[in-house]
Amino acid sequence: MTVETYVDLANVLPSSAGSVFRRRVLGHTTFLVGAGILVVIVGVALLAPLLAPHDPYAQDLSQRLVPPLWDDGGSWTHPLGTDQLGRDYLSRLIYGSRISLLVGFSIMILSGIIGTSLGVIAGYFGGRIDLVINFIVTTRLAMPVILVALTVAALAGSSLRNVILVLGLLLWDRFAVVTRSATLQIRALDYVAAAQAVGCSTWRIVVSEILPNVLNVIIIIATIEMANGILLAAALSFLGLGVPPPLPAWGAMIADGKQYMFFSPWVITIPGVALFMLVLGINLLGDGIRDLTAPENRS
Amino acid sequence: MFVYFVKRSFVALLVAITVSIVSFLLLHLSGDLAQSLAGPSASAADVAQVRKAYGLDRPMAIQYLDWAGRAIHGDFGESFFLKQPVFPIIAQRLPVTMTLGVSALLIALLVSIPLGIVAALRPNSWIDRLALTISVFGQALPSFWFGLLLMMLFGVTLRWLPVSGTGGWQYYVMPAITLSYYSIPAFMRLTRAGMMEVLASDYIRTARAKGLRTMTVLFKHALRNAIIPLVAVAAVQLGFALGGSIVIEAVFSLHGVGYLGWESISRADFPVVQAIVLILACFYIVLTLLADLLNAFLDPRIRVR
Amino acid sequence: MSALLEIRCLDVRIPLATGTLHPVRDVSLSVARGETLCIVGESGCGKSLTSLAIMNLLPKRARRTATRLVFDGIDLTGLGEREMADVRGDRMAMIFQEPMTSLNPAYTIGNQLEEALMRHRKVARTAARDRAVYLLEKVGITAAGQRLAQYPHQLSGGLRQRVMIAMALMCGPRLIIADEPTTALDVTIQAEILRLLAALQREFDMAVVLITHDLGIVARIADRVAVMYAGQIVEIGPVKDIFTRPLHPYTQGLLRCIPIPGRTRPGEHLGSIPGMVPSLIGKIQGCAFRNRCPHTFPACATTEVSLLEVTGEHGYRCILSPQASAANAAEVAAV
């Protein structure tokens, strides 16, 4: 096990906290709060056309940098103000949730498939295959992700599809490491040996014995990578090489607003809070799932 | 023990070579380099000319071997943009990034170790809850946004620190804090978990039974063992931070290697980008080897192999 | 001559979510200078916690109360943690059960031995080192000088336990509390360690409180024995009395369980004590042993039994009269 995995395991293993009873309650609260936040954001994303008061792409240069409701100069016409091109911020925020969710979800799925496949194969077959896959993982870990992602985005052109692809193809390492550990543990258990003895095909064993038990860990890592993907995509957009304008990506909104932030701070605060809440919700959900499915709670 | 490290070093070398190949391929396959160099307004003839001039029409393998052959001697080619050898350019920027990375690491350790210790000593107390909250919030904060907020607070409102740029130590404070915030949750969890496990161990009971003072038990005996996994992780985390500093450097206009990378990508200066990727990867690899060494040094049980 | 260690009515309570755990109840005993007292009982009877209570090394949530807890003239109940730490390791030392995990893996044996002395006395490291070498040789470790530079994982279990003993002796304590020091060791090593302890005790004129579940060990080295059950001392007295004339039904039951050379016939059934230890949470009404006692009768459920002293030395906690108990004892007497 490489040293890097300590960091990941520190995130995945339950942080011991008092009695089982307390853990259950805490687990529930964390899970519920996280799930609650996500439900709200997903709801907003799905109902965007109904909720957004204006067209997020409609520019109105006479209404540039109108402050939000609570500042003087603000009004209910544009509850969260407008950006430097006069576009309604609330609408952009609402539509931006679609982008963040789509990006996060897609990256999670893509990296999850790659990472889990590599991890399960490495853990199940061991030996040379394990060595090779370990080598691949170490190589991936040695590469500076953001730099590489930026480079590819610059060359291939910045688009939603490319952001998802490049990040999805880079962020599978945690999946691989953790599913490998889990597979190793399960493989050593008796019922797998029994299945092998009966003559089940490898494919069958992997799908019906190993995957269901690795699922728990996969879900936890999935939440971590979804959050990670969203933050990285936002960073890419912030640096100008992520989701291209005029798409209302939250990261890009912060980048655009940077030059105005000293006089119109809401331009960067609002999308930042949105990103923060989304990632927080995902993290809490993951923590909640982890606490609820911790071995102590399984009877 | 020695054999183990020789093996590790050999693998590390292979990894470095593989990284250079992968980044080379990514660079050359994601898009048309000649096109990017020539610019969006160039004609097909211009692009062809550029391609020939930079040797981009040769087979991929040849291009790579050519580059690799010279890289071994420290010659990373010439920057397209600055028309100077690549390596000295990077070397000049390196101290900035190193300072940033090491400062961020120190801040993270200074914050997370005490918090982790106290949280372990008083589980479920308000300090433990606070540490947990910091942990949860820290992982959800976009680093660039946090940096901007700090900038607004300390740079503009309070005017304590310079908003951006490179210079003396003041220019590193906010970037280092921003970069450190990412590592604090993991470090704190590790310290807390490590301390709790160690404090429950038999040798701590022995230490107390010997009548040793509480501070001695905590620091000489408990922390010494609890910190072992943390030290290794910290070394690796430094490696990650060096690679990920690009965002922070961009936010604060700190002219380090990350910033150079960003600039180079924007102006299609690919020899520089290629070299930076390799150098950062080498740093990471060296740091993981160092982490292993530290582990062996700190835990006598590992030395016997 | 006053006792070295005197305990009256020692109680330990631990608040749990489901109630208050009361694992040490009303324990009273005394240990004279140079004497060996064995506390014997099955797992969970509270003997380990009693020893931890004396040293005040209980878990954080535990509450200790005692009418009297005096060691070498010092009232231990009045001591704060700092003062208690001054006593621990210096005049009172403890040896634990698992030698494999009782030493810090990150420091050398020498370091851990020397720090025990340097903490309590103003001596230079060289003087501490000399004492460490002296004691290592005393506990039968050869090449003591080289051993000092070794790490715990380089030593076997038996050697580590010897190191633990040496460590306990560094400051020349008056009392050693040994909590099952040989349980985790091979049988052959067990005998050696016990012999070693007995020899050291004589040489350094120390009192020893040895906690064990093994009656064989008790027979071998004890001067006096305290039998514990469900947190209470049910019988206490000189070892000869306990083995020849056990007065408490539990002690009698214990003696029935072990084969006695010369008395137990081949093929004969060994006794057993049916039933389980009662829960230690909350109050126990009447006698704690009544559910498993062969001589129980209704009054056992309601009467609060205290330790009845037959002679000044031999006491037992049962409402049966000494004569009735003695009659029961005759059935199981070990020669």
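Each chain gets a letter, A, B and C, in the order it is written, and its residues are counted from 1.
By definition in this document, a contact is a pair of C-beta atoms (placed from the backbone, for glycine too) under 8 Å apart; a residue touches a chain by one contact, two chains touch by 3 or more.
Here the structure is a predicted model, which means the values were calculated and not measured.
Engineer: Listed by label, which chains are in contact with chain A and with chain B?
Structural biologist: Chains that touch both chain A and chain B, as defined above, do not exist here.
Engineer: Which two chains does the highest number of contacting C-beta pairs join?
Structural biologist: Of all chain pairs, the one joined by the most C-beta contacts is A-B.
Engineer: Report the inter-centroid distance (CA atoms only) between chain A and chain B in whole Å.
Structural biologist: 21
Engineer: Just curious, how far off is chain C from chain B if you go by their C-alpha centres, in Å?
Structural biologist: The separation of the two C-alpha centroids amounts to 55 Å.
Engineer: Find every residue in chain A that makes contact with two or more other chains and list them.
Structural biologist: Residues: none.
Engineer: Which residues does chain C have that touch at least 2 chains other than itself?
Structural biologist: Not one residue in chain C touches at least two other chains.
Engineer: Write out the stretch or stretches of chain C touching chain B in their complex.
Structural biologist: Those in contact with chain B are residues 55, 57, 81-82, 85-90, 93-94, 96, 98, 101-107, 115-116, 119-120, 151, 153-154, 164, 167.
Engineer: Would you mind writing out the residues of chain B in touch with chain C in their complex?
Structural biologist: Touching chain C from chain B are residues 201-203, 205-214, 216, 220-221, 224-225, 298-301, 304.
Engineer: Could you list, by residue number, the parts of chain A that touch chain B in their complex?
Structural biologist: 2-4, 6-7, 10-11, 13, 15-18, 22, 135, 138-139, 141-148, 150-152, 154-157, 227, 231, 234-235, 238-241, 251, 254, 258, 261-262, 265, 268-269, 272, 275-276, 279-280, 283-284, 287
Engineer: Across the complex, what residues on chain B touch chain A?
Structural biologist: The touching residues are 11, 14-16, 18-19, 22-23, 26-27, 30-33, 36, 123-124, 128, 132, 136-137, 139-145, 148-149, 152, 156, 186, 189-190, 192-193, 196, 229, 232-233, 235-237, 242-244, 246-247, 250, 258, 261-262, 265-266, 268, 273, 276-277, 280-281, 284-285, 288, 291-292, 295.
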